[in-house]
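Below: a set of structures, written as structure tokens.
Two complexes are shown next, each including chain A; its partner changes from chain B in the first to chain C in the second.
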Partner chain A sequence: MSRYEEDLWIITRDNLVALMEVFIKTREVIAPVRGHGEEVIFYPIESIEDVAWDWQYVNAVLPPKRFFLPQTEVMFEYRYDNGYKITPRYDDRVRMIFGIRPCDVNALVFLDRFFGGGSLSKKSPDEEPLFPDSHYIKRRANTFIIAFGCHQPGENCFCVCCDGGPFLEEDYDLQLTSMNGDYAVEVGSARGLKIIYGNEHFFHMASSDEVKELERIKEDALNKFGDTCAYVSKAIRRVTEAKVDDSLWEKLAERCLDCGGCSYVCPTCCCYNIVDIPLSEKSGIRTRTWDSCAFAGFTRIAGGEILRSDKKDRLKRRFFHKLSYQYIEKNKRHGCVGCGRCITTCLGDINMPSVVEAIRKQKVTVQAAATLRHEEEI
Partner chain B sequence: MKDVYFPDIAVIDNIRNETGDVKTFTMRFKDPDIQENLTYRSGQFFEVSIFGIGEMPISITTSPSHKGFFELSVKNVGLVSGVLHGLPSGSEVGIRGPFGNGFPYEEVFGKDLLFVGGGIGLAPLRSLINNVLDNRDNFGRVIILYGSRTPGDLVFRDEFKAWEDQPDVSTLVTVDRGDEKWVGNVGVVTTLFPKAGIESKNAVAFVCGPPVMIPFVIKDLLKLGFKEDTIISTLERHMKCGAGKCGHCCIGHKYVCVDGPVFSYREMKAMME
Partner chain C sequence: MKDVLTTCAFCGCGCGLYLQIEKGYVTGVTPSRRHPVSRGRLCARGWHIYEFVHHPDRLKKPLIREGGAFRKTSWREALEVAARKIIGIKDKYGSDSIGVIASAKCTNEDNFVLMKFCRASLGTNNIDNGASLYDSATCPGLMQSLGFGASTNSLNELEDTEVILAAGTDTTQTHPQVASRITRAVSRGTKLIVIDPQKTQISNFANVHLRLKPGTYVGLINGLIHVILKDRLINEEDVFRATSNLDSLKKMVEKYTPDYVAEVCDVSGSDLKKAARLFAGTGRAMMVYSTGVTGQAAGKDNVCALANLALLCGHLDGPHNGIVALQEQNNALGAADMGALPGFYSGYQRVDSETEKARFESEWNTRLPARPGLSILEMLSPGRLKALYIMGENPLITAPDVGLISETLKGLEFLVVQDIFLTETAEFADIVLPAASFAEEDGTFTSIERRVQRVRAGVSPPGEALPDWKIITEVSNRIGYRMNYDSPVQVMEEISHLTPIYEGISYERLDEEWGLQWPCPDKEHPGTAVLRRDFSAGVKITFPLIEQNGRGKEHFTPVEDIPLVEPPDEEYPFTLTTGSLYWHWHSGTMTRRSATLSREYPDVFAAINPEDAEQLGIRKNQRIRIISKRGEMETAAMVTDRVQVKTVFIPQHYKNTASKVLLNPSNFANGKAPEMLCAVRIEPVMKL
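The block that comes next holds the complex of A and B.
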């Protein structure tokens, strides 16, 4: 357990509501709100009334990555007036994200490393991170995280298999866990502790029984996953060593609709395109927008040639990126946090557990073994 | 923190027609400090912006030994390159970079160098060739083999003689199809190999050209005794960010924009689509 501070605090629900009302007045608060029907989405709230509480949802249908990497974001404005003048646009709003689940926090940690430049190959370990992404970093640094631990996994959750949850051990500011009608509050950062000390009248120190109770809840939550099992480690080895026969990707490709939904709902997918939008003859904006390696046009080069034109190669690419040891080494974890959104979204049933399962059941064929031998010879 | 997406403004000072669809643009950064402090390696590239149209990655064709300006040779094949081709001298563009790893340079001191170029692929090689020739004593024998489809597709024609005039440099040029005025070699670039007297023993080969050319050249280089890591080439991708983020140039676990675009044949072989 690497909490920032070992003390456990308790806040009653009424006090939490009162505290949130203070926050809503002083910063943008993003929280799960009810959309249509049962669905819950992350959205900036104006009143605590709008919030969906932790027992009312397992997770939002879309990950909160759009608050850090918006679907379309303006990078800078350009204007021509006897020469070009460029004005960068940064989003430095002070924000708080309330009710984010551990899997999505772990996905943000993944993105922090990636956009921070820590994933890129360095010539020496002392070298500064390469090309940190100031747009992402500013948003992330200005966003306070109040996470909700998960008591009850949803039907598609498999975070236990991916070190994505159901509780956080680090990388949050505050982690709340529902307990006997109140909330246990774990402190994960200096700024988390500052919130407690700045609003001490809302919190009280947990008793030793309550500390034990939280441990029990956490253990209980783990047990609720039952026999949920995504055999990720086997898939990692097979993908890393190129031991997956192409016939598997061919079969999956028959079911892939090229829709890119998997990438859009994935909390760690972050490929983007860069697009200029003229606003007048002499001015305009440069934007970046979400993109997906599932799209055929993703690898189009000047002249029109598409380098990864075969759908099976694109699927292979996607799962290589998520699972191979080569990427794990760069990102310090594999690219799945077990949120299960790809299961909900993909119409062709191509998702992390199903692909991992298919890889598990595939025998290493002569062709795949030959590829491997060939690579060893190199 | 420097914003990697923020372009600096450069001015086009001169435009030279190389062929019917290739132009060489001489540029300098508008801010003299940026121009003054520009350092790069041959084989690195810039992201060139035409505001309102978009960005494209273009290799720097000037030798790092030439100061005060830089040149980009651009073939008119796409949206941004098409608009750039229509711009007059004095126009402003955005420039980000330099990006990418660049060719080995100090690492090949004392070696014989073989350059094999095809078409516009001579542009990145030209940067290295001129840097090598500006520091001639650091290298052994230099052989430059260059081919294009027709005589009209040859780029940097004015420089071939200057290269040839340097001590211990041979420059051989060929075209796939000659015309009535062409008296030089006819045939693909590998047909020059027997004529060039290549010794692979202490040599490194740099190969840039259209994707169709590369495998044939590599096959013949291996036959001549070049090792997989003494054959150096570049990979073409649409690198949109240059910073290893946007994902468009990934091959296997390599980002062509950061880990490349220069790779040895040994590295390229181990990469999978």
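The block that comes next holds the complex of A and C.
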């Protein structure tokens, strides 16, 4: 247990509602809300009435990634007038994400390492970011995280296999877990503790029974997931050792419709494209938009050649990037947090569990072994 | 910031998606998970549909032609000039000298108001919609056989059927949601028959791929019918009882023996028999088809042939058993539903029916013309009209023969175009009126499964742009026919009042549900997922042609195969085919302005088979010249075995394509569907 503060607090639902009302007045509160037909999406709330409570949703279609890396954002404006003038456009809003799930928080930590070189994460503060991304970093630093622990996995959840949940051990400000009608509140940061001390009348300290109860809830939750974890490690091993035969990617490629949805809904995917839009002869904006390795144009280079023009190569690359040890070492974890969104969103039903399963079942063939030997010789 | 649920406008599937709005800009999309079509999934077009919305090229002010160039002007001047000119032409040459082209991309409300404008305000039935250029065959074809010109079943049923027959459709490119359902069905054990000259992504999964010669659908389908009857794969007695005209079908298909099919379509007898046994040997089968089938002079015949086949095998009966017509444009069906057709008011009520005309006349307080108007191809033929009013269509890119269309447009005395960008067509206009895009307008679209769904404005239109329906009312009011709508809600009220199949549809109900599938004849009716001829029993809706055919039975329409308008010969040995790419949509006006989508295929290309490439000494990406009797174009070669030997495929979305230069316009005059096939020869620009 590596909580910032060992004490466990309790808040009643009524008090939580009252506390949220205070927050809504002072910052932008992003929460899961019920959209059309009771489906849940994250967006800034105007009233606590809009909120979908933890028992009303497992997770939203899109991760809250978009509040840190929007699908399209303007990075800066440029103007040419006796030399270039660049005016960055930053998003300085003070925000709070309420109800984010542990898998998505773990994914944010993954993004922190990409955009901030780890400077935002306590795990590896030693890495100096090479290219700190000020747009991301500003948004991230200004956002307070209230996570909801999960005691009931959804039908597509497999976070336990990916070290993505169902509860957080660190990297949050506050973590709430539903307990006998109230919420157990764990404190994960100094600013989390500040919230507790600043609103002490809403909270009370948990009894030792309540501390034990939370432990029991967490254990129970773990048992609700199937025991499939070994498959992911096996897939990691096989991908890392290049023991996956290309025929597997060929087979999957027949089903892939190039939609890019896998990248867009993946909370750890953060490839982007840069597009300059001229607004006049002398001025314009630079925007960045989400991009996906599923697109052939993603690897288009000068002259028009496309490096990964075959769908199978793009799929292989995608799962290699998610699972291979060389990236795990660099990113300090593999690229999947087990949120299960790719299961929902893939038009061809290609997703992390199905690919992992396919890799596990595939016999290591002569060709793959030969590739491996060849690479070892090099 | 708020996310706004709306309906995707990039194909006929009709996915539900949320527009992410930030400070008046759309910054992204979220697929709707509970929506019955999207189910949390979008294709690449859907994920990037917002990218064109804030493009700097959007029209923000009305434009008026002055000399050779456009001048920005006020709404007041633009509308007054438009009204004055239209009145002048009407007085001088009569109402029928004016034509209106409605849009299969705009909302039902826009189309309905335009239809009313055309008939009540201009006094002519010369109205047609852009989808008629591709999908005109579906409506009359299915209407003749089934009594209504739309899909019989819903998309989700594809997953649970036993056999799927996909004809002339590169479904992964045009209708990804349908392709997704087909792939899923196949992995659950559904058998797949693909009829297509091209190799497509779904043909990878096919149990039989009948790779016929381009344009020989009727021959092949008649061949299937021949085998089914000859080998007694169905119970003829049952079919005879349930349908009409079986005898003449039987007589007609006699000559379509497997040998005949092998010769005409280049498909082996064993494959033909295999497909026939698969399709006839199941209780549940569905058919999907697209522009490969309809984009041909014989398009209507192709559709009738498919309907005959389905009817013969009893596959028009209940859930998981029917035909889904994959129309490419988002509101192709809606535009037709709204009466943007030369012979019909909304809901396929005939303009030449005295009772139906009388009802519209009394509701609209004016006399209406009785004679059906001109089709889109007739309107686009040089010299037919003096003035054209075009809403949201770009025939210069989408119709065959650019030269001919430019001649028509140049020859007009007055051309009004309302659109969101200055399209290739708009460049010929006298007045250009800036319109709102789908992201800026409230209204409804009707999807290929007859699902009427809400479109909701997420942001304001750029500059002074206005919703299409609003612009039309302003013009109409100045012409002297009053139209007063405060909002699209009122338009929908009028639609449901005047249109029996939409009668139970209101915004309130649409907002509660995920849309409603027509026919929805009253406020309590839940909509119709599976549509059958006997739907009319017990309710006041009638499908006109069924009654005309009599007996209230589904009707066989025997059709003979006819040769291509321009078959390949020694001088022009290749068949040119055109079609859509996944990354682009329609005339490309929007997708070519989307950074992510246009990156995939920034330029036009011509796909040829490796065998032909070798023979002609053409390498990948080499510049080649494609020559038809009418003209020539240069482009880069793509070498792929997806296309058949002796065919060449050129996508349709590009400005500089000129593929349409090559196509044969011979059908223009008789108003049939244009033939998207012609004979060409290919040569490298430089011999290597």
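Just so we're on the same page, the second predicted complex is superposed on the first by the 361 of 378 C-alpha atoms of A that agree within 3 Å, B and C clash if a C-alpha of one lies under 4 Å from a C-alpha of the other, contacts with A are read in each partner's own complex, and residues count from 1 in each chain.
Here, contacts are C-beta pairs under 8 Å (C-beta built on N, C-alpha and C of every residue); 3 or more make two chains touch, one makes a residue touch a chain.
Keep in mind that this is a model prediction, so the values were computed, not measured.
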{"item": "Fit-or-clash call for chain B and chain C when the two complexes are aligned on chain A", "value": "fit"}
{"item": "Partner chain(s) touched by A:His321 [first = chain B, second = chain C, both, neither]", "value": "first"}
{"item": "Which superposed partner A:Arg113 touches (first chain B, second chain C, both, neither)", "value": "neither"}
{"item": "First, second, both or neither for A:Met75, with chain B first and chain C second", "value": "first"}
{"item": "Partner chain in contact with A:Gly261 - chain B first, chain C second, else both or neither", "value": "second"}
{"item": "Partner chain in contact with A:Asp313 - chain B first, chain C second, else both or neither", "value": "first"}
{"item": "Partner, of chain C and chain B, that touches more residues belonging to chain A", "value": "B"}
{"item": "Centroid geometry (CA): angle chain B/chain A/chain C, rounded to a multiple of 10 degrees", "value": "80"}
{"item": "First (chain B), second (chain C), both or neither touched by A:Asn273", "value": "both"}
{"item": "Partner chain in contact with A:Lys330 - chain B first, chain C second, else both or neither", "value": "first"}
{"item": "Contacts of A:Cys346 with chain B and chain C, given as first, second, both or neither", "value": "second"}
{"item": "First, second, both or neither for A:Gly35, with chain B first and chain C second", "value": "second"}
{"item": "Chain B versus chain C - smallest C-alpha distance in the overlay, whole Å", "value": "11"}
{"item": "Contacts on chain A seen with chain B and repeated with chain C across the two complexes", "value": "273, 275, 278, 291, 300"}
{"item": "Of chain A, residues touching chain B in the complex", "value": "75-76, 78, 80, 83-84, 86, 88, 114-115, 117, 119-121, 130-135, 137, 242, 270-276, 278, 284, 286, 288, 291, 293, 298-303, 307-308, 313, 317, 320-321, 324, 326-327, 330, 375, 378"}
{"item": "Residue ranges of chain A in contact with chain C within the complex", "value": "35-39, 41, 43-44, 61-62, 66, 70-73, 254-255, 257-261, 264, 273, 275, 277-279, 289-291, 295-297, 300, 304, 344-349"}
{"item": "Contact footprint of chain A on chain C as seen in their complex", "value": "1-3, 5, 16, 18, 20, 22, 27-35, 39-44, 46-47, 50-51, 55-56, 172, 176-177, 179-180, 183-184, 187, 201, 204-205, 514, 582, 595-596, 599-600, 621"}
{"item": "Footprint of chain A on chain B - complex, ascending", "value": "1-7, 9, 30, 49, 51-56, 77-78, 81, 92, 94, 228, 236-238, 240-248, 250, 252-253, 255, 258-259, 266, 269-270, 272-273"}
